[in-house]
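Labels for the chains are A, B, C and D, by order of writing; each one numbers its residues from 1.
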Amino acid sequence: MAEILICEKICKSFSGIEVLHDVDFSVKEGEIHALVGENGAGKSTLMNIISGVIKPTSGKIYKHGKEIVLENPLDAFKEKIGIVHQELSIADNLTVAENILIGREPINKLGFIDRKELNIQAEECLNIMGISIDPRIKAGSLSVGLQQVIEITKVISKNIEILILDEPTSSLSEKEIQNLIQLLKRIKEERNLSIIFISHKLNEVEILADRTTVLRDGYVIGTLKREETTIPKVINMMIGRDLDYHKSMLSKNDFGNVILKADRLFGKGFSDISFEVREKEILGVFGLIGAGRTEMACALFGYDKLNSGEIMLKGNNLVIDNPKKAVENGICYVTENRKELGLFLTKSLKYNTIASSFEEFNKFLGVMNEKKADIVAEKYVKELQIDPPNINQNVFEYSGGNQQKILISKSLAAHPDVLIVDEPTRGVDVGAKEMIHSILRELANNGMAIIMISSELPELLKLSDRVMIMHEGIQKGTLKNDNLTEEDVMSLAYAEG
Amino acid sequence: MREKNKLYKQIIENRLTTLIIISIIIILMLSILKPGTFLNYSNFSGIFTTMSFDLLLSCGMTIVLIVGGVDLSVGAVVALASIISAVLTKRGMGVFFTIIITILVGAIVGIINGILVTKFKLAPFVATLGIQSIIRGFCYVTTSGYLISGLSPAFTNLSRATIVFIPSLVLISVILSIIVGILLKKMNLFKQMYMIGTSPKSAEMSGIPADKLKVFAYMLSGFFAGLSGVLIASRYGMGAATYGIGFESRAIAASVIGGAVMSGGEGDMFGTMFGVLIVAVVNNAFIQFGGQAEWQYAVSGIMLLITLYADRVKLSAMRRRGH
Amino acid sequence: MRSKQENNKKLFLLNKLKSLDVQNYVLIVLMILLIVSISFVNPKFLRLRSFEAMINNYTLEGIMALGMTLVIISGGIDLSIAGIMPFSAIIYAYLIKAEINIYISMLIVLIIALFLGFINNFLRSLLKVHPFVVTLAMQLTLKGLNLVITDSQVITDFPENFTKLSNVKILGLSIPILVLIVLVIFYGVMLSQNRYFRYVYFVGSNPRAAELSGINTRRYFRFIYMQSGLLAGIAGIIACFIFNSAHASYGTGIETRVITIVAAGGASMIRGGIGNIRGTVLGLIFISMVYSSFIMSGISTYYQDVVTGLLLILAVVFSEKFREINIKTNIFKKREEENV
Amino acid sequence: MSKLKKGMALFISLIMLFTLISCSGKKDDSDDAAKTEEKPEELYSMVVFSKGSEYFNWTYAGFVDAAKSIGSHIKTELVGPPEVDAAAEAKAMEQLIAKDVDGIAVTSADSATLVSSINKAIDDGIPVISFDVDSPDSKRLTLVGTDNVSFGEKAAEIANELVDGEGQVAILYVPGNVDLEKRLNGFKDKCAEEYPGVEVVAELNHEGEVVQAEKVTMSLLQSNPDIDVIFVTEGLGAAGVAAAVRSLDMGDNVDVIASDFNTATNDLMEAGEVAATIVDDPYFIGYYAFLNLHAAAHPTDRPSDNPPFGYVVSTGIYCPISGVMAEDLADGTIADKYLNPPSFD
């Protein structure tokens, strides 16, 4: 197989900070090439350079041995390089056909869109992908999975030779992911397409990739062939050290009383969920995206509507219809979407820390007790080792891991009895991940009840004392973590009935 | 060179300092150009008196902008309040109760605005524009265009008296805006409002009662508009449906000049005070120099643009320092 | 295979039905109710000339509403039209009074209006703030400028060749109405058939994605604000045709009326990417009908403001409500998935 | 779904309300109609540029009373935008033409904007006369109004009296408003001709608004502290000027001459803050406007140069102007005349 694309000594700096160092990277014809690395390793930057979104500071790109210069995304398309970004670029109000053929609509003599031709062409494109959707319906009425497929159709139909997929599975359900994987394998075969595939999910990488390139801190660490690719090896390359990912952090102490008990919760996206969580216990909730776990947590927390069900806190019945009430009753929720639902990016660390516990900082007549706030913020900065330890710095200046710690400290400052953490290590580098894990364990050991939602099984198995498994809104069961394995959990998740 | 750059940055970044410096420069320039008639007690008491209505409205507007909203109904509420207070005094109600009831009505209008924005999820701009129309129309319907005058001296003295050489209007408006300024800086409640404006969803998820505080912010805006209406009726001795046309744009301009941003989460009442002052001084100068008073609209517009530009410079400076 | 195709067809029809904006139908029903109730009070309401007057009165708003529709679909707002419209009228009046050819003057005014639209967008992208503030600042500035350059005077006594032109009627229609009709058709066709115009939906619902798909959004937003400015410029010239004079006050409150029309037509004020010309035209007819019904039925025009406000709020509340319902009915999504 | 239902209910109830309002308007008419003899109903409209003004309520009062004197089959209505807006006034004219009323009396916000709609009405066979503010370039049949030049001259007379022939005067007006400009010029010309000692030192725009009037006066009195008289050419501004003078404590040095008589001006005169006001008689104007309009709508058989309308060929009817000094209020008759505003919708 010939190499279709070669990147040679690509460097990129943003305002003086170099994020890519002499990166060499190549893709062969008709291969699926996975690109992995921690957050901030430079994957997206590299892909943005290849797809013409940004320009490299130095370095050259060759396609078929010829040097190419990409000024903007259009140039990349001209070179038959197409990218599907993480966030979808579907216009809800345009039809499927228009979405697919945007920018290349067939035009009739009057210069208007030739609808008939448009629909025929779109249908052809969809047929090639092996899906039958009426191209005349509005794209907004399709599911996210289908929208993703349309997006890929759109890019592929531009007769591209190289397809870049940036985290294509991050918002898909398990079934949709399987469909997508099949689809990618097929079109690779049929069209001899080269695919560059960015993912966090190493199991997908293992299944799909012909080769895998690992980036760390802007350097290429190495490229693995299919037969060499194993998850531990990849992880090792990503973080630069062996991580005992399965070292258990289970508690050794006895659990206390039941703190939170949920009985037959129904709501949008989940139904009939019951569970209880005790002092000093971490209850893991496993489920992939679309399993209804975040929806359940939001409803429990009063952010979304709970249709029916009872919540008992320390034996008392409780109706939680807004987050304020939840916080007042000692239930805190650490969201998975920290930028939109969690943090106040343009406000200081201090104010972010006390955001859930404002009322505790009243001096007299509602005057803010700044001194106390300083003390509290300092305390959490120290305990969670937030870096840099400047409580007056704006949160958007912190890295992802530190932002996550700030988010956790916000909840901690409200002295919760029950802490719900949703994907606590999403978008966090491995070092910080480890740290967050030990913080959570520590909290539980000190008496807090923790509900930890995650789609990463290793993380769950490492931390949680029991694991509740959710799948497509339904509770599949709860397992005690006595040497529980990933297979146990997955088989229960996909069990019938 | 570097030092200089730093100083420049600091000045640009601290809105209040910038505004104070600009006001001083303008005032100095005018005092030199018009010795005797510009920089004296009575001219400034005049400037402060006539800007006091704008100042009061800006208090409310700054708060609403902080929570990420905007209130276009304030001008109409001024008219409504002037009519209500005039009618009540004419019916023989005491000054105190007149004020209380009128301000309550203003606050109720504010609450309606707030509910439309929070419960009905209307864009603040649309909701308050609609309410503006409704209230203004209501004023015309109830008065049929008649002025309501013949108000009791006890009521009219409210904004005509001077207390220790300072006109009561100036005293009320300046003291209230200073109080608002301090409250914004010190009070827990208002700190929460800043958080709401920064990220409404995060605020709700953090357990900050976002909707309630938003309604409260709009209520305060209505409150200040109501108060402004009472004072305007008292000063000119009549209630009229035509008061307050275009006040809202001036209040928005002053607040934004003072440091508020339309997307919420920022705002400084002391900055706003200087925003109002600068516009008032410039307008005063236009008349004193025999220029056309119509320039005042253009002045607010251009100043607004300059401030937005300064914001931009500040932001990119921050970005450069950050990542 | 056959069943699949049939299924597809059924889906398409259902989808088509759903895509028809409920709000448009509500508007039509309301209009019928209004016509019936007002003609009951005053039968003269049903005459052709009362409809003519209705449209005559809303020519300026109608022209600008077309541009505003695009701006609102793109997720923005343009308050500066209330300044640009009278500004253009005034400049045009001065130009033709200076004996410059009336067509060349038109060209000059339109270029100025385009330029003002350009400035709007330039400031918007330079300052990176919500277009509300930028266009408000433009509005204030231009309003002041209008008063200053005219000294608040009305400009009149236009040259004879202009007044002659303004009295020309083609097929019994005056020039302002013709311009409105031509523009409505142009915008209607373009927004449904022309790919460049249709990109506004893309840019409005997801500007970043549009950019990544190769649409030059910077240039596109420039186009959107410039066409809004251009239409305000055209409206300014038309104002000269209608009134045979120009005055700084012509723009008073006009932006509110234009926005109300567009909102009543179903364009979303909250999220970009929603709205169309058909809706805006319905909104235009509806709003002008409501106002004319005041005078037709002899209700005090004092109520006009009250009703404007109510209409604005209700229009927006309902368009969002209807949309919510549209989104909630996701039976289609499930069926689609099964289909694949 | 229940939300939709609720919403629909609200919408429908709004429409019903609307219908109700319109029907209730109708009801009044039909009640009156019962009393009419066989004469067909006639409708005359008074169009104003700012309905939210006390002055026009007075003119309409005269209009209504004159209509009553003709007979109960005559109906009238007051139409126009609440705030000063020439374009909106033209729109109202347009609607009235479509409504096919029997006659229109109009006061124009500016001299040009309404010309085409007035001409259109005349061409459509609807008689139009101007009242108060003229639209001289249009085909309107006549004007019933005030001679604003002598209005200004009257003010000059009083100003001369107040300063004893020697002093400085400032005038507040709204540029672009023809009437106010006439008052300004009348004042200046009279001074130039007869009172050389009275000097007009400032002409300022107060936008017809109270707060702006105060701002302008404040600044003015700073730069020109020697001003003896301020003449406000329009009805609302006096309150603002008086407020400025009061707060600068210059009441002893500065005399204010107001225009028109409204309740607010009366208060100010009683308080001694306004020295005098120049009044015309809006009621008179409205009354004669109607009579002329009615006459125009009912042409006689006599041949006329003005087909198809009647014999209204006079260039205009001007109402008398008088100056009311503050001390004149003491006898009470003047205040009585003005202080009980008629009320109607």
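In this text, a contact is a pair of C-beta atoms (placed from the backbone, for glycine too) under 8 Å apart; a residue touches a chain by one contact, two chains touch by 3 or more.
Quantities reported herein were computed from a predicted structural model and do not represent experimental measurements.
Trainee: Can you tell me which chain lies farthest from subunit D, using the average of the Cα atoms as each chain's centre?
Mentor: With centres defined by C-alpha atoms, farthest from subunit D sits A.
Trainee: Is the number of contacting C-beta pairs greater for A-C or for B-C?
Mentor: B-C
Trainee: Express in whole angstrom the distance between the two chain centres, defined as the mean CA positions of subunit A and subunit C.
Mentor: Here subunit A and subunit C have centroids separated by 41 Å.
Trainee: Counting in whole Å, what is the centre-to-centre distance of subunit B and subunit C, each centre being its mean C-alpha position?
Mentor: 31
Trainee: On a C-alpha centroid basis, what's the spacing between subunit A and subunit D, in Å?
Mentor: 69
Trainee: Distance between subunit C and subunit D based on Cα centroids, please, to the nearest Å.
Mentor: 34
Trainee: What residues in subunit D touch two or more of the other chains?
Mentor: 51, 82-83, 205, 345
Trainee: Which subunit C residues touch at least two other chains?
Mentor: 151-152, 300, 302-305, 307, 310, 317
Trainee: Out of subunit B, which residues touch more than one other chain, so two or more?
Mentor: Residue numbers touching two or more other chains: 136-137, 140, 144, 292, 294.
Trainee: Which pairs of chains touch each other in this structure?
Mentor: Pairs satisfying the touch definition: A-B, A-C, B-C, B-D, C-D.
Trainee: Taking the complex as given, what residues does subunit B use to touch subunit A?
Mentor: For this pair, the touching residues of subunit B are 186-189, 191-192, 194-195, 198-199, 201-209, 265, 319-320, 322-323.
Trainee: Within their complex, state which residues of subunit A touch subunit C.
Mentor: So the residues of subunit A touching subunit C come out as 53, 72-74, 77, 83, 85, 87-94, 98, 102-103, 105, 107, 111-113, 131-134, 136-138, 141-143, 145-146, 149, 154, 179.
Trainee: What part of subunit C is in contact with subunit A in the complex they form?
Mentor: 4, 8-9, 11-12, 15-16, 18-19, 189, 193-195, 198-199, 201-202, 204-206, 208-215, 273-274, 330, 332-334, 336-337, 339-340
Trainee: Tell me, which parts of subunit B touch subunit C in their complex?
Mentor: Per the touch definition, subunit B meets subunit C at residues 70, 116, 120-123, 125-127, 129-138, 140-141, 144, 249, 252-253, 256, 261-263, 292, 294-302, 304-305, 308-309, 311-312, 315.
Trainee: Which of the residues in subunit C end up touching subunit D in this complex?
Mentor: Residues of subunit C touching subunit D: 26, 30, 33-34, 37-38, 40-42, 44, 47, 49-50, 52-54, 56-57, 60, 150-157, 239, 242-245, 247, 249-250, 252-253, 291-293, 295-305, 307, 310, 314, 317-318, 321-322, 324-325.
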